[in-house]
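Below are two complexes that have subunit A in common, paired first with subunit B and then with subunit C.
The block that comes next holds the complex of A and B.
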């Protein structure tokens, strides 16, 4: 009995420590913006709006959030569109060496990370005149996310029975009609998953925009965060915490929305 | 409404598997035609080739005097019910039934009206707002039927239409389907692996094996006079007795017993040749006492079929089955004698009917 109680106490303590480890930074994130002079510790806030005032007055802070939105939405739309078409084709058309191609894509894209490819990508962007352009960055980010997106979506496509499409074909539907009327509605949870995944990925991406966008007016929030220092070279905690909170809210909202609508099912397909 | 003709239809899959081997078939206008065979015999491939979902390697598909061999499925004016019904799970019943009309660009109001009309005819009127996931198997099947009816196609193709229903519902659906086909009068081809289903529903049927058609005929013809031992073994809920034997003068020697030459084979046999003697258990008269021309042995097994019993006799180490009416079934170990009906027994030479 004592052993059991001691065991329970030990277990609960472990859980509590683990929880604290993850919760305290979050607590800091929600309290610090409302504190007049934030430090690294979690304090009871005095509910000032001065920090928000400072962020609003910062010349690049709010525009950078807009830039982040443009980049991530642009990339997500492109990734979903291209990945859906590619995954559908790869799932339905028998090509010699199809699986080898897919695995090679996935392998290469996961081994050759952004860090490893940053020099050639930078040179490529310079040659194509895509430096300092949102479009160029969107294209490069899309390229980086596509292999994994195609791979995940192909799984969704594979799990939808072919008879739905064949049925539509016999009724005379064209390939594009089949995709619009039948395939897209069936794999909608998959498309939503890929979209959210791409959006979150770009929203948090620091390296690529840092490399490819030198114009501070075009830089997204992830890069602007890096510039929030006081004149003395110290991290500006009141700005950082406030901006950090604003930066994380859209992602949390999006997660809640998608989770409610699609339940984040990763198994796709149809209930039968 | 249209007739379907197949001319030398061949389908070879990549990899060299010959699913259909130069098939010829004529299905007249308005006929209810069954393609029957064991799994892997090519019956579904044949149906899909008629629909255009598989492209023929050779030969021609002619529907209503129009060669559609190279035509896309949508241009063939046929409608198909799939084994899993393929009802779109994200559309309600009305939208599912109206989908073919949506492809044909019929106005929204008109196609809703048509869907309601067809749905009502199949008793679906109170289900029109439901999704397929909320329907029972039988209801899903009727929605799939309503959807092909809404197309007003020249011919209907059904792929195992009853196999997804449970046993009791299957009988009901069988009757329903046959009645519906008769009322609509649309040429209908259906695939099944269940010989009872084919016998019960079809006007005519083709029995297939390994890409070949082994017999075409009405259910009565196929049941009474199977053209070869494959069809003989495949048709009938209790399989036909197929016994090795030889011609001995004007009688046959089968399993060590002498039996009379069947009427159908009279005058066509030569003395001494090896044959296979075929007779259905239903066409055997069982008795406890011996008589001339009977197969005699010991009762090995008695199986209850409900209103009758299936008795298996061990005749000199050859198993022979006979159907015995209820009340007169023997006990295991009894001596038994089975007299084949001369007008129903058949003789096969090299697997083909004599």
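The block that comes next holds the complex of A and C.
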């Protein structure tokens, strides 16, 4: 009995400590935006909307959220489109050297990181005149996300039955029609997953836009947050907290949506 | 760049495809299939493979961002690599990176992630959802936001941590920069390990645990003799992936910018500072080459283990 009670107390303490550890850093984000003239201190907010007013009036804040949106949607669309085409072909057609290619893709996606490739990517962007270009950044980000996306999608395509495609073929549909009208609807959940994954990835990406976009008007929210933080020595806390909150809300909503719709967990392996 | 999502099922996949999933049901044909794959491969080649190869070449030149060497870089062979090897700053960064990976990934995220998964293993309901939701929240918020949250938390005068501990004025980021980024990254990344171990623990047959319990095994003995042997593969996958990610993580820069005096300048930050702030692109590329090589070793090791497991 004592052992049970002790275990119970231990469990509750541990959970309480864990909850505190994960909650305390977040408190500031939910209190400071609603506090007039916030400091680093976590205070009970006086529920003012002035900080949001300031964000709306800031010349770069809302545009940067728009830039983030352009970059993430652009990249997600491109990643889904190209990865789906490639994954379908790799899943259904035994191209020469396919297995080696897949192995190489897997290796590439895990070893070449922004950290390792930042110098040549910066140079490449300078040479190709892609500095300060959203399109350039989208292409670069897409290149980085594609190997992992192809991988996950190929797995998905492998596990969808091919009998629908066969019967469509029997009825005389052309290969491209089959892909568009049979395969795409079948793998839609997989496409959605990859899309959300790419969207979230780019939305939070700091290093690449920081390296490749120097024009403030083109920078996404990740970079703008950081400039609010160092500019003029003093961090503008009311701006920062409020902007941070606005910048975070879309990912949280997306997470809630995904976890509701697909369940946000691993099934057996790592992905899906 | 991409948070590499490394699928451990790849090898199994191949076995499955060989059993007939690979047939060309839509009658695509090799030519069209090639056209389907080409655009993706082109982008990967241009923005992933080429930069990686280019970094190898750059590391052998004295290329700089500005000045004479910017116009006409010269081939200097292994000079940059030797520079790095004899440069105490490089070794300092390497050592800090080792601390960062061991402290925040191997110890912090794995232990904390497993502990949470274990504590919540047969629970359902609001408590589980609350804990998991908070842990995942720390993982999905943009890094620019969370790093600033930690700047606020650790602030010497108004920061919540000092207020809670009753030690106003204690400069965490100045006095303990490494500890700060290690705890920060543990907080940030535990979700992945938690979810992975949560899934892994679901695969441990309850009957095995039950019989261990009936045989009088203590909690620790159950863990050691029943649970760990079952999830060994997951532990390995988890360790390698999070080590790789932490090793390449740039977010310490957002918290401490490598300072004070380079005391939290992990390799990722070191490359950025020497290459893009000081403009020594050649030397930075040589350090990048070393990072690539370490990544390669870890990844090959990982794939080997996966293959041998099947």
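In this text, the second predicted complex is superposed on the first by the 248 of 272 C-alpha atoms of A that agree within 3 Å, B and C clash if a C-alpha of one lies under 4 Å from a C-alpha of the other, contacts with A are read in each partner's own complex, and residues count from 1 in each chain.
Here is the rule we use: contacts are C-beta pairs under 8 Å (C-beta built on N, C-alpha and C of every residue); 3 or more make two chains touch, one makes a residue touch a chain.
On a predicted model such as this, the values are computed, not experimentally measured, just so you know.
Novice: Superpose on subunit A as described above, then tell me if subunit B and subunit C fit or clash.
Specialist: Aligned through their shared chain, the two binders fit side by side on subunit A.
Novice: Is A:16 in contact with subunit B, with subunit C, with both, or with neither (first, second, both, neither)?
Specialist: Neither: A:16 stays clear of subunit B and subunit C.
Novice: Using the superposition on chain A described above, determine whether A:185 touches subunit B (first), subunit C (second), both, or neither.
Specialist: The answer is first: A:185 touches subunit B but not subunit C.
Novice: Kindly classify A:95 by the partners it touches after superposition: subunit B alone (first), subunit C alone (second), both, or neither?
Specialist: The second partner, subunit C, only.
Novice: Looking at subunit A, which partner touches more of its residues: subunit C or subunit B?
Specialist: So, of the two partners, C touches more residues of subunit A.
Novice: Identify the partner contact of A:171: answer first if only subunit B is touched, second if only subunit C is, both if each is, neither if none is.
Specialist: A:171: touches subunit B, not subunit C.
Novice: After the superposition, pull out the minimum Cα separation from subunit B to subunit C in whole angstrom, please.
Specialist: 7
Novice: Quick check on my understanding: which residues of subunit A belong to both its subunit B contact set and its subunit C contact set?
Specialist: Overlap of subunit B and subunit C footprints on subunit A: residues 163, 166, 168-169, 182, 270-271.
Novice: Could you pull out which subunit A residues touch subunit C in their complex?
Specialist: Where subunit A meets subunit C, its residues are 11, 14-15, 18-19, 21-29, 32, 39-42, 82-83, 85-86, 88-95, 99, 102-103, 105-124, 139-148, 150-152, 154-155, 158, 162-163, 165-166, 168-169, 175-176, 178-179, 182-183, 197, 200-201, 203-204, 206-208, 211, 221-223, 225-226, 229, 235, 237, 240-241, 244, 247-248, 251-252, 255, 264-271.
Novice: Under the definition above, what is the set of subunit B residues touching subunit A in their complex?
Specialist: Listed in rising order, the residues of subunit B that touch subunit A are 51-53, 72-76, 78-80, 82-84, 86, 88-90, 99-100, 102-104, 133, 151.
Novice: Would you pull the subunit A residues touching subunit B in the complex into a rising list?
Specialist: It comes out as residues 161, 163-164, 166-174, 177, 181-182, 185-186, 270-272.
Novice: Quick one: in the complex, what on subunit C touches subunit A?
Specialist: Per the stated touch rule, the residues are 1-10, 13-14, 16-17, 21-30, 32-34, 36-37, 39-41, 43-44, 46-52, 54-55, 58, 112, 115-116, 119, 127, 130-131, 134-138, 140-146, 148-153, 155, 157-161, 163-164, 187, 195-196, 198-199, 203, 237, 241, 244, 248-251, 254, 267-268, 271-272, 275-276, 281, 284-285, 288, 291-292, 295-296, 299-300, 302-303.
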